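After this come two complexes, each holding chain A, first together with chain B and then together with chain C.
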Partner chain A sequence: MPLNSLPFLCFLPLLWIIFRFTPPLWRWVVLLLFSLLMIGYFRPWALAVVVCSSCFTYTAARAIPRKQYPKLILCVSLVLQGIALLLLRYVESDNSGLRFQLQESGFRTDTIFYTLGFSFYTLQHIGYLIDVYYGRIQAETNPFRFLLFSSFFAKFNAGPLEQPSKLLPQFLNPNPVQEDLSYGLQRIVLGLFKKMVLANHLAPVVERVFGNSGTLGSLTVMAGVMLFTLQLYFDFSAYCDLAIGIARLFGIQLSENFLFPLFSDSVSVFWRRWHITLITWFTTYIYYPVVYRLRTYGQAAVIAGITLTFLISGIWHGMGQTFLIWSLLHALYLTYESLSKHTRLGWAARFPSTVYRLFSMGLTFVLVCFSNLFFRAGNMTQAQHLLEALTQVPFAHQGLVNGFLAPLAGGGYQEALFNLGMLFVFMLVYLGAEKKVYARINTGGFYALQLFILLFLILVTGVFQKLDSFIYLQF
Partner chain B sequence: MDDALKELNTVFARVFRKPELVITYNSDAASVEGWDSLTHMMLIAAIEKQFNVLFTLGQVMHFRNAGDILAAIETNRT
Partner chain C sequence: MYRKIGIGLVVLFTSLWGLEKTYDYFLSRNMNLKPAYITRHRIDADVIFLGPCEPLWMMDPDAFTKVTGLTAYNLATVHASFAENESMLHLYLDHNKAPKYIFLYVTTESLDGAFNVFNTYAFAPYLNQEWIAGRVAEEDSVYNRYRKLPFMKYGFYSDYVHFGFVQGVRHVWNKREEPYFKNGYVPPHDMVWDGRLERFIAQYPKGRHFNWNARDVKHLKAILEQARISNIQVILYESPMLNEVKPYILNREEIKQKITTFARENQVPYWVFDTMQISRSRDYFFSILNTNKLGSDIFNRTFAAYFEEKKMNMRDKTRFNQ
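Up next, the complex of A and B:
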């Protein structure tokens, strides 16, 4: 059940009351039972998978320090987890039987064994086993508490990816205070605002561009690709706001996943601010080990580490050429930034800092948007159509309104154009105020006016249809 | 500034191409411009060569500042 679905949000206060009246030492049991209920009620198959996967990881982690061949146990466990990930994500069925789906990208949920959240908690299990093997953490002794770590309802569907050493101790004695409730409530409302007022309004605009790529002009496609980047940000960061806010109501602190990434002045800074927990996982378990082993080769080691890391990240997001190109583009951007670091510092010293920073931010945004063309395109044919459209002369046959705005707005009527204009106003005002909004919430205070404005906008302008379809639930 | 820190300073200055760079025990990625995951391992390789030590991956991943690096150099030498 998604975190913003109406049944869940209605049931949440009841859960919280049960949780509050349970002795602190047993509250984790309430969280576990509710997490399992939430997964199993709608997807019994997903419940079976998370229980089996957690039992397997728990047993392997307990065996690693005790048995004679810890490396063998680790390797076998990692290989089995990897095979399970490939099977559950990419094997599909048709009349001729099972087959491995390699052709198209990952925007799909029709694989035969599709189980929500699996690719997220599998990464956490892999990281946990590696950490236990290297002695960075002790293996968890309580199998049910480990199951809660895997299935905790606030983060189960799409993260944030958590480290057991950070999350497991919090389950021992969760005791939310008034500040937690105030913080959690404000993050939840902010998440609903971003999802219902911004992301859900952007979704049809983006769909019009990606669904009609062969007939649109260059500026429209360019705007559509940029708007997709904004939609992805609002959608996924809204999901994370909900996850963090809901967890906080129960006294659990989850990791931040976004840190104003749209204002990054380089792609490497962007990756330190976008989907932070995933990139931290890839940096810790893939990039650093690869570069460490090759470190005597200097820059070549860094380039090899970046390329391998993004290739695996691309495969994790989806099998297919579009994700391959997306990952290679980011590897290319970061390789360039790594090689040109000193040159760019020299350029920065020659220009006024504000001008250079604004230019760098604009360029970074354009580069990220270009890579997202492949991230969003359903397949290579659609990506090719979009690229061809980008080379068309803008407004060749039609004016600004009919050639550019009408295809985005879904028609040239005044009402449609007005709605599109209002969406742009909301986005710009929100992005301008975003740092201030988060800063206020992070102070721990309760900002009633801010909360009221967000709630008012949700009720008046929010899109309630398809409320529960977050983009990152597909991965 | 003790000798080890001075020697470490020369490695930092060379890797980040900043002859004027002055580091302290508390210097970290936030205070040294250019010190990030893209340059971290190149810095480590240069330090290993300069001090004739070998760090483990676990040590390398837990370096938070120059003081951590100096402590690991001391540990690995003894």
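Up next, the complex of A and C:
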């Protein structure tokens, strides 16, 4: 059940009441039972997989400090989990054909694989085993608490990816205070606003561009690719707001995943602010070890680390060539930034700081958008069509309204253009006020006016259909 | 905090309730919306054209009147399923004299169930009418579950109502009583080729089988029954379809035969215009099933002349033969 579905949001207060009336030491059991119910009720296969995977990881982690061959246990566990993850990605890939064979054999592959949260908790399991091996944390003694770490409903589907050392202790005695409630409520409403008012309105606009790229002018395709970046941000950060807000209602603090990434002035800053928990995981468990191993090679070690990290990140997102190009583009951007650090500092000194910063922000946004063209394109043929469209005349010979706005709006009618205009106004107002909105919530105060204005806008202008279509659920 | 939440909720629900009433008022006074126009003005036409976008953009009541002398109104709406046609007809008959004839567009596509829908939001201001509320509940159960929450009857499909509301405010402000398209016909003046044929062929390179959707058939029958009670002659018709697409509709003849049988069983005529000359060239079309202005003008003249001819040949003075 998606976190923004009305049945879930209606059931949440009931769960919270049950949680509050349970003695603090047993509250984690309530969370565990509800998490398993949430997964198993809709996807029994997913429940079976998460239980098996957690049992395996728990047993391996317990065995590492006790047995004679800890390194062997670690390696076998990591290889098995890695193979499972690769196999999942391979089956999901449209090119593999395996999915169709399974479907023909009567398997409902959508039920087995999709929205499983598998790729998210597998990364957490791998990180956990490595941490236990290196003695950074002690292996969890309670298997059910470890199962809760894997299956906690607020973060199960798409993260944030949590460090076990941060999350596991919080399950011992969750005791939300009024400040948690106030914070949680405000984050939930903000998440719903971003999802239902911004991301869900952007979705059809983006689909029109990516679905009809062959007939569009270059400006329309450019706008569509940029709007996709905004959609991805609103959609995924909305999911994270919901996850963080819901967890906070139960006294659990999840990690932040976004920190105003659209205002980044370099790609490296962008990656410190976008999907933070994933990039932290990759940095900790791939980038640092690679750079450390190859430290004698100087700059080459950094480039190798960046390239490998993004290659694995690309595969984690999907097996297609488009994800490979997406990841290589980011590796290229970061390599260039790493090599040109001093040159860029020299440029920065020559221009007024505001001008240079604005230019850098614009350039970063364009570079990220360009890579997202491949991220969103379903396959190389579509990516090629989009690239070809980028070289076409700006308005496809039909003028500004019919050639540029109408394809985005879904028609040149006044109603379609009015809706597109309204969406742009909401987006611009929100992006302008975003830092202030978060700053207010983070003070710990309860801003009733802000909360009810957002609620009002959700109820009056939100999209209430296709609520379960968070983009990152597919990963 | 709890006090603030309590007060906030009261203010929120009150303002949503107020907004809902405001939308009720202005949407039902937006003369460009057909439900609003037909329920606030007596049209009392002799002939009604009913169906989805094909008749909306093809059937010109004025052209028909010019040839036949009968007053006509185009009641078709975009993407409308037979359930929506039935609801529109119900609203029309509630506020107007029953017409003598209804021309109802029926084709392989309109009976498939995948191409036309029940546009629930169009009936939101009329949910206080039991019949409409029942039809909405039947056709859109998810919407029906939430529509009783404050403003949700508009909020659920908000994309489709805000512009109508703004336009309604303008119409009230300007005391406007006539719609932009007075006879309901939307002439396809600036329509350019929409590429739907290419997309259809790309999606179904070997062609597509069309369904005989039981739900659509049920509502089609209900329209005929509604017309029978009101003593209206219904004539089913299919307008010209671009010949290029026909090879890709694999069971077109089979569905056409089914429609013919259906028409015979229900004792209504079924007129098919798919062999008209204009079907052979894209010069007369902007989409697979939609003629452009030139094509529409030719078709309207042909249609009206055909009607006159059939009327003259009537054996029974009150009913057409097939």
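The rule is simple: the second predicted complex is superposed on the first by the 449 of 475 C-alpha atoms of A that agree within 3 Å, B and C clash if a C-alpha of one lies under 4 Å from a C-alpha of the other, contacts with A are read in each partner's own complex, and residues count from 1 in each chain.
Throughout what follows, a contact is a pair of C-beta atoms (placed from the backbone, for glycine too) under 8 Å apart; a residue touches a chain by one contact, two chains touch by 3 or more.
What you see is a predicted model, and the numbers here were worked out from it, not measured in a lab.
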Chain C versus chain B on the shared chain A, clash or fit after superposition: fit
First (chain B), second (chain C), both or neither touched by A:Glu415: second
Touching partner for A:Leu181 - first (chain B), second (chain C), both, neither: second
Touched partner set for A:Leu387, first chain B, second chain C, both or neither: neither
Included angle at chain A between vectors to chain C and chain B, based on C-alpha centres and rounded to the nearest 10 degrees: 160
Partner chain in contact with A:Leu459 - chain B first, chain C second, else both or neither: second
Partner chain(s) touched by A:Ile286 [first = chain B, second = chain C, both, neither]: neither
First (chain B), second (chain C), both or neither touched by A:Leu80: neither
Shortest CA-CA distance in Å separating chain B from chain C in the superposed model: 37
Footprint overlap on chain A, where chain B in one structure and chain C in the other make contact: none
Residues of chain A touching chain C in the complex: 6, 178, 181-182, 201, 212, 215, 398, 414-415, 418-419, 422, 446, 448, 451-452, 455-456, 459-465
Of all residues in chain A, those that touch chain B in their complex: 134-136, 268, 272, 283-284, 287-289, 291-292, 295-296, 298-299, 301-302, 305-306, 334, 337-338, 341-342, 345
Touching residues (chain side chain B, partner chain A) in the complex: 17, 33-34, 36-39, 41-42, 44-45, 48, 57-58, 60-61
Complex contact set, residues of chain C against chain A: 1, 4-5, 7-8, 11-12, 15-16, 19, 142, 146, 150-152, 154-160, 162-164, 166, 192, 195, 199
